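Across the two complexes that follow, subunit A remains constant while its partner is subunit B and subsequently subunit C.
== the complex of A and B ==
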């Protein structure tokens, strides 16, 4: 009961300040003619469309430049863009602001965030409340905004009564387009409702402050789309590539002999494990800094599985320090299964795969420490690597280890090539798992990649030839993808 | 079923994520962010496993007195004390018994570690119990500092920020700085003119280095600058693009293999 009463009082306070806010908006709306000033010609033919291929809540505006922009009196300095909002929206914005203030008081992060007299007065009101009351009021206000938003579309129908023009943005002279990207979050003050009647106006403004308004655009509605037509080339490419992969996988299943070129780095893995066994030293496997969602890390798991199986067979020690706890969990499962497959589940130790830290250079320090203390016979780096790649590889080289690396990070490949004995470059990392297993199904996908690459080379050559005859742009546009 | 269910989940969510890329609608974005939130939640739970793993490895090192085992105490003290510092903050003008609290915390950790490795576990558990009582007593009766689990006040604790800013950051910067020396030694190895290709690399490297050398702006022939730009923008960029195309195809192929259940290595089913 107490909270409800409190909520009602706060809401009353906010609503009473609405008139103040509306006065503000009236002040912003300075379209009134100033007699002494020479008005510029207004921008013409303001039009707008719902922004295509988006999640909604956005409108693309365009207009014809004022005749006095770059010509005529040449006095236009900028264009001010306004949109009309119902009173309900202004009211909800005030409530949103107060939610934001409460949120900051709860989190005690008020430094430099609460600005303006209105927010300051809100702060004074809310600071008197206890923590539990703050939570209750915040939840009640959030619920109020949620319900209020549902009525926005209806409120927008009342145009031009019961609302005000709000300033959105300004654009320099010479500009004839503006994308009103609204927020989809109902808690945000920039929220633009979908399927609601929206109205816009553009004012040409001179350096003296004289303004001339365009025609009023509206009603216009925004909505989200169910298919992004800009990404059609990607759909075709992925479908073609999928078909190619399925075709070669089926072919491989039927027993076709698929040639895959040898990968030096992968062929060296067996020798490296053998070397470690002979020397009685461990093998260090580094999965890099990637998360378990990175494809490079997923490929690295497969290689780790093969390495762990060999290690278990040869009864050598394996060390896998990890950077990410999820990667650690997956790697533990991979290594455990590999030991089981090798018939040596007893040889598996829980601390074979262990977590170190999620700080990049602290991880480097730990792995370098392992290298210099344990002196592993072989270091294998497979996955995502960043600035730490050379520090790791050079320390490994100093420790006298045989080093095999593989990454899809372009910037790190040269470092690995210089400091390691064998390096898998880019896609070779993904191919390694198929190559290690020699399973026809996996080799099939490699063949599909080869054919896709051949197709890309052919298309690149066609593009170069067409560019010589000025057809290059049209050809390139066929493959254009806009995000 | 135990083996099939994970593959089914991978297929469903993998296929959804593939299709989601082409659907800009709000509802599609909602499911996408919802699933991403789940990865964060899983990550937080996995972090607990990670910390447990680190604790176990460090305790094992202490137990078997492996090389540099003393540093494992530093690791564990650093790990747990920084967590406690990050959750506590000063209320009054002085820290009161806070330093005694931190010392009691270290003693508690020391006793707990020894309780898990020593033969006389009872003694160490008893001592850790005493330290815990002291800890809780100070935390309860000392009003000069407080505990904040729900707010960020602990992150402004001067002890926490001093350790982070004046110990942690310089150490990490030092590790990063080592890269400069490693680049020099790696460059020396890479540029040795052992054969024709290595000699070409050496010549190219000299040209590019001359171009970017701040001490040689005068008298540098225009040809060197043009040659350097050509090396960077034509052969270098062409090779990089070739690798990027290969990587792109590799990513799509691997993703397809994972979604379709062809690639199972990440589940230890290689």
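== the complex of A and C ==
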């Protein structure tokens, strides 16, 4: 039953694909001379290259404007770009469309999404099938497309027989370039095979619909590149930064005294812990709303480790309510290790670091409640914060706690500055983790960062001087990173 | 419970019932009393959260715990049903898909989907005292991978693009002081404003970076440049503060609109 059904469906598709190709050949191949219309001069010298520095499947086209574009009769309205495709491609496109229809039926998202009579007719066919049959048909069709794609390169060699010109896009008059960015996904109807002979044509079109075709470009092939030359500045920067980091880490490991200027906020941490101990009140440490993957949260873990160690030494209570379950897990490990380092593993309590909720303002409500009920002597906010920053800091201030904050979220720093006693601005948060940790790796990377900043200043000054004397363009281009 | 507290509670409960009945009587929906209850509940919870402005109280505590509990449970259910049941299981096993009554997607089977399952199980290992150390592996993977990926991204956006954007001419269309003073105007695209703008960008970037330079003490000319840097930062933060506060006020307006329009129906 299934096999019969499958055959019927594919047969139907093939039949409709033939009619589709015939209809479209009449509709899209309009290069024939239109009588009684004044034809514009055709665009000239259509050329193309494989798009450089990409994953393939794309061709960059360029042509000379029609003499009647901006001059001569000045009748050119637009340029229509065509792409020659073998019948196999047209057939596969139709099969791809039917796969897409089946997917939508499976996911029950057909209502109002499918448009066009062909899609509707396909929908009528497929809607009668059961779910398991739909899966079978979809898998068979996917397999069919997969196999068909393998034969595309061979089918492209048959040009100009056994194919049709497919309309790609239109460009307004005055335009002389077009990037045909194909899809690399074989399931997509915009799929352009690599290493296959491709052919293009550009028509100059007037407002009356008269068209004149350029020369045919082809055969031309697309292919992917292993190295994106546009990213060369990034490679050099990575190498430079890595070398600097390795150099300073080694230096720090050999015992060199790497100076880091004192940071007010971090100097205050020890005092704040001491205050909490004297008052017999807990310390509240908020890691923010970032995930464990955020750099600010990673820096915050280091600071938490240091705070937890001091807390363990002074036997003060620490409260770490967390927003993200992964952050909670990492924070628990960090605090546990800190208690071990302090020689007080027995004092570690599993619920020191606890999960609250992953809803932003519910989390804030809970932390605010902790602040007012537990009355912590010190609140430390380090990590990634968003709209909740002021609510937290304001409540902490009302509760009379000493507050130290640090974030790299520029929009939130002002709120911390106005409501906290000490604030680590942006990169000071990263520096703080190195300053507190005094570990060679962190200190080394901090030093490397400082040298990178010095490099920015030097290069910016040189660039500004060169830009002033019109030598700047080439210099600026050195730092141009194109996607 | 104190007498005052009881009176307050009784008053609030009465107001709640009154609001529910009145809203139910005048509601035009298919289930007026349910609609009335939901609007009243939303309004009272809003007021309960706002009561925090006065001081911590049992009504705030109730709203807070309700909010935290509901959101945590909702997030957990959503995560389980949409991610694990909705996306993962249908691509891995037809038997388990049948168990959860979701459609198995045969063609989408991908062995790589097993990796997050393994990592998820390893994370749960921390519940076991003996195998807890295994949970560190997925954590190391998450932190390490992201740090590596972000390294290139940040280097590009914060280092290379920063240099690129700072290279700007300080003197624009410069033809001597005579020409400058004779054509001076305060148009946004005029020579004076453009030159001032470029100067602020250049000085701001250089001095800002000097402020964040940690390897040298901020004394002498270096300290002065650093001070200029922090001033520029503070002016920027001030502007950002004002802008964000205006955004927050619009949130407050939204809540007040709900109270006065949807609940009390005082404003139209």
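Note that the second predicted complex is superposed on the first by the 461 of 483 C-alpha atoms of A that agree within 3 Å, B and C clash if a C-alpha of one lies under 4 Å from a C-alpha of the other, contacts with A are read in each partner's own complex, and residues count from 1 in each chain.
The rule is simple: a residue touches a chain if its C-beta (ideal position, glycine included) is under 8 Å from a C-beta of that chain, and two chains touch if they have at least 3 such contacts.
Source: prediction; values computed, not measured.
Colleague: Evaluate whether subunit B and subunit C can sit on subunit A together after superposition, giving fit or clash.
Modeller: Clash: subunit B and subunit C overlap once superposed on subunit A.
Colleague: Quick check for you: in the superposed arrangement, does A:182 touch first (subunit B), second (subunit C), both or neither?
Modeller: neither
Colleague: With both complexes overlaid on chain A, does A:333 touch subunit B (first), subunit C (second), both or neither?
Modeller: After superposition on chain A, A:333 lies in contact with both partners, subunit B and subunit C.
Colleague: Using the touch definition from the top, say if A:290 reaches subunit B (first), subunit C (second), both or neither.
Modeller: neither
Colleague: Regarding the shared-chain residue A:445, is it in contact with subunit B (first), subunit C (second), both, or neither?
Modeller: A:445 contacts subunit B only, not subunit C.
Colleague: Kindly classify A:456 by the partners it touches after superposition: subunit B alone (first), subunit C alone (second), both, or neither?
Modeller: Touch status of A:456: both partners.
Colleague: Where does A:383 make contact in the superposed view: on subunit B (first), on subunit C (second), on both, or on neither?
Modeller: In the superposition, A:383 contacts neither subunit B nor subunit C.
Colleague: Should A:249 be classified as contacting the first partner (subunit B), the second (subunit C), both, or neither?
Modeller: First partner only, subunit B.
Colleague: Have a look at where A:54 lands relative to subunit B and subunit C in the superposition and call it first, second, both or neither.
Modeller: first
Colleague: Quick one: is A:299 in contact with subunit B, with subunit C, with both, or with neither? Answer first, second, both or neither.
Modeller: first
Colleague: Name the residues of subunit A shared by its contacts with subunit B and its contacts with subunit C.
Modeller: 106, 234, 238, 241, 292-293, 295, 298, 326, 329-330, 333, 355-359, 361-362, 365, 369, 373, 387, 390, 410, 413, 415, 417-418, 425-427, 431, 446, 452-453, 456
Colleague: List the residues on subunit B that touch subunit A in their complex, please.
Modeller: So the residues of subunit B touching subunit A come out as 18, 21-29, 39, 42-43, 46-51, 53-54, 56-57, 60, 67-68, 151-153, 171-172, 175-176, 178-179, 182-183, 185-187, 189-190, 240, 243-247, 249-258, 262-263, 265-270.
Colleague: Using the touch definition up top, name the residues of subunit A that touch subunit C in the complex.
Modeller: Listed in rising order, the residues are 106, 131, 135, 138-139, 142, 233-234, 237-238, 241, 258-261, 263, 292-295, 298, 326, 329-330, 332-333, 355-359, 361-363, 365-366, 368-369, 372-373, 387, 390, 410-411, 413-415, 417-418, 425-428, 431, 435, 446-447, 450, 452-454, 456-457, 459-461, 463-464, 466-468, 472, 475-476, 479-481.
Colleague: If we count contacts the way the header does, which residues on subunit A are in touch with subunit B in the complex?
Modeller: Where subunit A meets subunit B, its residues are 53-57, 106-109, 184, 194, 224-228, 231, 234-235, 238, 241-242, 245, 249, 292-293, 295, 298-299, 301-303, 305-306, 309, 322, 324-326, 328-330, 333-338, 341, 350-351, 354-362, 364-365, 369, 373, 387, 390-391, 393-394, 408, 410, 413, 415, 417-419, 425-427, 429-431, 433, 437, 441-442, 445-446, 448-449, 452-453, 456.
Colleague: Note which residues of subunit C are touching subunit A in the complex, please.
Modeller: Per the touch definition, subunit C meets subunit A at residues 49, 52, 55-56, 60-61, 63-64, 67-68, 70-72, 74-75, 103-107, 123, 126, 135-136, 139, 142-143, 145-147, 150-152, 154-156, 159-164, 166-171, 202, 205-206, 209-210, 212-218, 233-234, 236-238, 240-241, 244, 248.
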